[in-house]
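Shared between the two complexes below is chain A, which pairs with chain B and chain C, respectively.
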Partner chain A sequence: MRTLLRSELFKITRRPRTYIGFGAILIIVLALEFAFYAEGETLIGLVFQNLESVFRLEGKIISVNFLTYMLLNVLIIHVPILICLVTGDIISGEAANGSLRLLLQRPYGRVNIYMAKWLAGTIYTIGLILFLALSSYVLGYLLFGEGDLIVFRKGIHVFEASDVSWRFVYAFGMGILSMMVVASLSIMISSFTSNSIGPIVGTIAILIVLNIISTVAVNLMQPVLPYIFTTHFIKWQYFFETEIEWSSIYTGVFVQIGYIILFTTIGLINFKRKDILT
Partner chain B sequence: MLTLLYQIGYMKLLEVQNLSKTFKNFQAVNDLSFSVNQGDIYGFLGPNGAGKSTTLRMVLGLIYPTSGKIIFKGEEITASSRNYLSQIGALIERPDFHTNLTAYQNLSMFARLSKIENREARIQEVLKEVRLDDRQHSKVKAYSQGMKQRLGIAQAILHKPDLIILDEPSNGLDPQGQADMRDLILKISREMNITVIISSHILSEIEQIANRMLIISRGKKLREGGVKELMEADEMNVDVKVDDAEKALRVLQENGYETTLKDSKIRVRCEESGIPAMTKKLVEAGIQIYEVKQQRTLEEYFIHVTA
Partner chain C sequence: MKKIVLFSLFCFALSGITFSQSAYADSLMKASLKRLESIPKYVCDIKILLDVEWINIKERTGKAYFYPPDSVNYEIKGFAFLPKKGYNDQLGAVTEGDYTALLLNKETISNVSCDVVKIIPSDIESDVVLGQFWIDSKLLIRKMTFVTRDEGTYNLYLDYGTEKYAVPKKVTVEFDIKNQELPATMTGDLESAGDEKPKGEKSKGRIEIYYSNYVFG
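What follows is the complex of A and B.
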């Protein structure tokens, strides 16, 4: 398994598209942080002008913590696309170009091969999220320095700088879990097809549809919302409340782990049974 | 004892028994049985869509059989068998590598996966065998078709297998490339002592290098055996040059031979063993024979058998 995993990671690192994700995240981070650096006070002033009659705000609002919190929001829409670019292609891309055949001619079970690909996809996913965390934190710290965090979510929550780090660790952990669901889904779809684009487009389409269902939340859909994995993609925000709803977070963790297991099992069974015709 | 028997070529290296494969409503392989002996260069022939690639893929575990048995070195291959693949190398249809990697990187990855000891030396050895040692650090996407095919052979022999399966190894190669490929296959068989199964559309290639062959059509076996024996056993065209073609034609037709007149020569259909009797009839009729020439090529035989 270790040899297979090394080989999969080696292939991922040698593909140009692997670096598209890191490049895109860097561009998003740079764009947002420099935008706030240039015009942040004006932007924040507009947001807070209605509140100034009620609150008296002292100190700076824009800090590394504020920017990192803002950047975590890209997790829902942008990062899944970047993850799909690599994980959606991990089986189908090799099936399309024929190199999967050469791999399956080696004395390794298909379960091991699938799991090595899943692990490699997961490591890439974790790497991408950690890169988002690191780049937003380092640049934010250099540009804005430390500061308290003010969050608008079901009211206004203000956290002291010393009370924020652990929340970010949990939030990024939750983000990694959500993105592992995306990776598992795209790898599963990848096991069903023999073209590179299908699983990428398929995964993104599923995410868009489910995100719309989760967001619109019409009455009819309310009973199923807790069972849709995209509903839990915003659970990282729950760590930025004064009273944390742990039960809701646990539900999110269990549902998402359940989907990871489900997608991986379906993909594994399909990959183990399928005839390699390409 | 088993090893000794394999070495002297008494035992079947690969045995396929009543193998069938159905894709939805299409039967690609139908009750196919054949065996490959240690040391064979085994030609695997059939028209397009005959089921050759499907059969070879089943041997490699890429496609699961609907029914039948595949036995390698006396042990039946099941859906979960994988270890036998460490003794088989293959080049199926196209040599599909990671084109953004160099030849060396591709081979290095396969060497690792095959747990080859002394990897570096072995990679250099096979690159030299296939004459790619001077281009090993070029990306595969810059390779010509011939170079890719040779790299395909390199990955197939990298782990010193007992059997290699080559599916259309000369596909897309120019005549020189085809000749090089033929030499390489003969070298693999003779010098490396590797049994070879080769499927090819280039029948002259099989005729030149294979000692045994199997012909299939629509997934079913038509003929199996030694290349020479098979070609001699069936009827063939024999061109006969005589002094009086009209008379010779009449004599042969009266004696039940199927004949045609072609460029002042008579083409007669008969088995090799029937040639003396046929010429005797002509001599007895007072016809002088200047030349008797067998016209059978594998191509003719193939068309005759698969028609």
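What follows is the complex of A and C.
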């Protein structure tokens, strides 16, 4: 299994598309952080326009913590696409170029091969999120330094700088879990097809549809929303509340783990039964 | 004829009483302001507590630096919401121009009997349209109310300790505040997108500032 995993990771590192995700994240981080460096005060002025008529705001608003929180919002929309680029191709790509047949001729068993691919995809996903965390934190720290975190969620929450590290650790952990659902989904779809485009576009289409349902048809879909995995993609934000709704976070964790198991099981069963004809 | 004379005398006496009451209110106000003007430069520790329904922030601590006549600088650990205008600013806004002072009934604030003085600024363009002050026998202002043109009503309650000068140990500011509304695309708060409060709805806010360890310079 270790040899298989090493081999899968090697294949991922050899693909140019692997670095598209890291490059895109770096560009997003650089763009947002320098935009705030140049015009942050103006942007924040718009946000605080109403409050400044009543309050005298003392202290730094834009800090490394504020920017890292802002960049975490990128998770919901952009990172799933970047993950699909690699994980959606992980089985179907090899099926398309014929190397999957060669791999299956080796004495590893299909379960091990699928799980090695799933693990490699998961490691890539974790790497991408950690890269987002690290790049946004390091650059944010250099440009803005430490400071309290101001969060606009169900009102305004202000957290002391000393009270945010653990929240970010949990939030990024929750983000990794959500992105693992995306990776598992795209690997599952990848097991059904023999071309790379299908799983990537398919996964993105599913995410877009579910996101629209979750945000637009909130009232209509209310009864089923807790069971849709995209609903829980924003659960990381719950760690940035004064009174944390732990029960809601636990629900999010269980639902997402459930989906990871479901997608991986379906993919695995399909992969085991699949006729590899190319 | 007799009735007319009596009525005229009554009116004259009444105007005399009103004038003397107004003069007393004015002198009381000026004496109180003089006590405030005598406060020298100082530095003190402060503790700030904010109570606004939709703002969650823990207690903040720091230092306040006062430079006569009315400049205050703060050195707060972290981010803090402070009143836009301190009691010095609001007081100045009402009393620096011409005004009419009226003496109202006595009232008790924090178990201290106070004279109530209403101040009506003469400047029709003034942002503060009305001020009311509760002044105790030591010429300390215990409560101030300001009715402003654009920002609603402010109430300031001042508690005093044992300091030599007219500096408070606690100031409570009550104010009107509009609900903050930000687009979800800006905040990332997609969940709350549907359940904002009606636009422009006002609620009451409150800031408590505790002052201690005064060092006068």
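Everything that follows uses one rule, which is that the second predicted complex is superposed on the first by the 274 of 278 C-alpha atoms of A that agree within 3 Å, B and C clash if a C-alpha of one lies under 4 Å from a C-alpha of the other, contacts with A are read in each partner's own complex, and residues count from 1 in each chain.
One rule holds in what follows: a contact is a pair of C-beta atoms (placed from the backbone, for glycine too) under 8 Å apart; a residue touches a chain by one contact, two chains touch by 3 or more.
Bear in mind the structure is a predicted one, so any value in this text is a computation, not a measurement.
Of the two partner chains, chain B is the only one that A:Gly98 touches; chain C does not reach it. In the superposition on chain A, contact is made by A:Lys154 with chain C only, not with chain B. Looking at the superposed arrangement, the partner reaching more residues of chain A, out of chain B and chain C, is C. Residue contacts after overlaying the shared chain place A:Thr3 against chain B, while chain C stays out of touching range. In the superposition on chain A, A:Ser165 contacts neither chain B nor chain C. By the touch criterion defined above, A:Thr242 reaches chain C but does not reach chain B.
In the superposition on chain A, contact is made by A:Lys11 with chain B only, not with chain C. Of the two partner chains, chain C is the only one that A:Asn73 touches; chain B does not reach it.
When the two complexes are overlaid on their common chain A, residue A:Ile234 makes contact with chain C while staying clear of chain B. Of all residues in chain A, those touching chain C in their complex are 47, 50-61, 70, 73, 76, 147-148, 150, 152-158, 160-161, 215, 218-219, 234, 237, 241-242. Those residues of chain A that touch chain B in the shared complex are 3-4, 6-7, 10-11, 14-16, 97-99, 101-109, 273, 275-277. Chain B contributes residues 23, 57, 60-64, 80, 82-86, 88-90, 92-94, 96-101, 105, 109-110, 112-115, 155 to its touches with chain A in the complex.
Residues of chain C touching chain A in their complex: 53-58, 62, 74, 76, 78-84, 150-151, 175, 177-178, 180-182, 186-194, 205.
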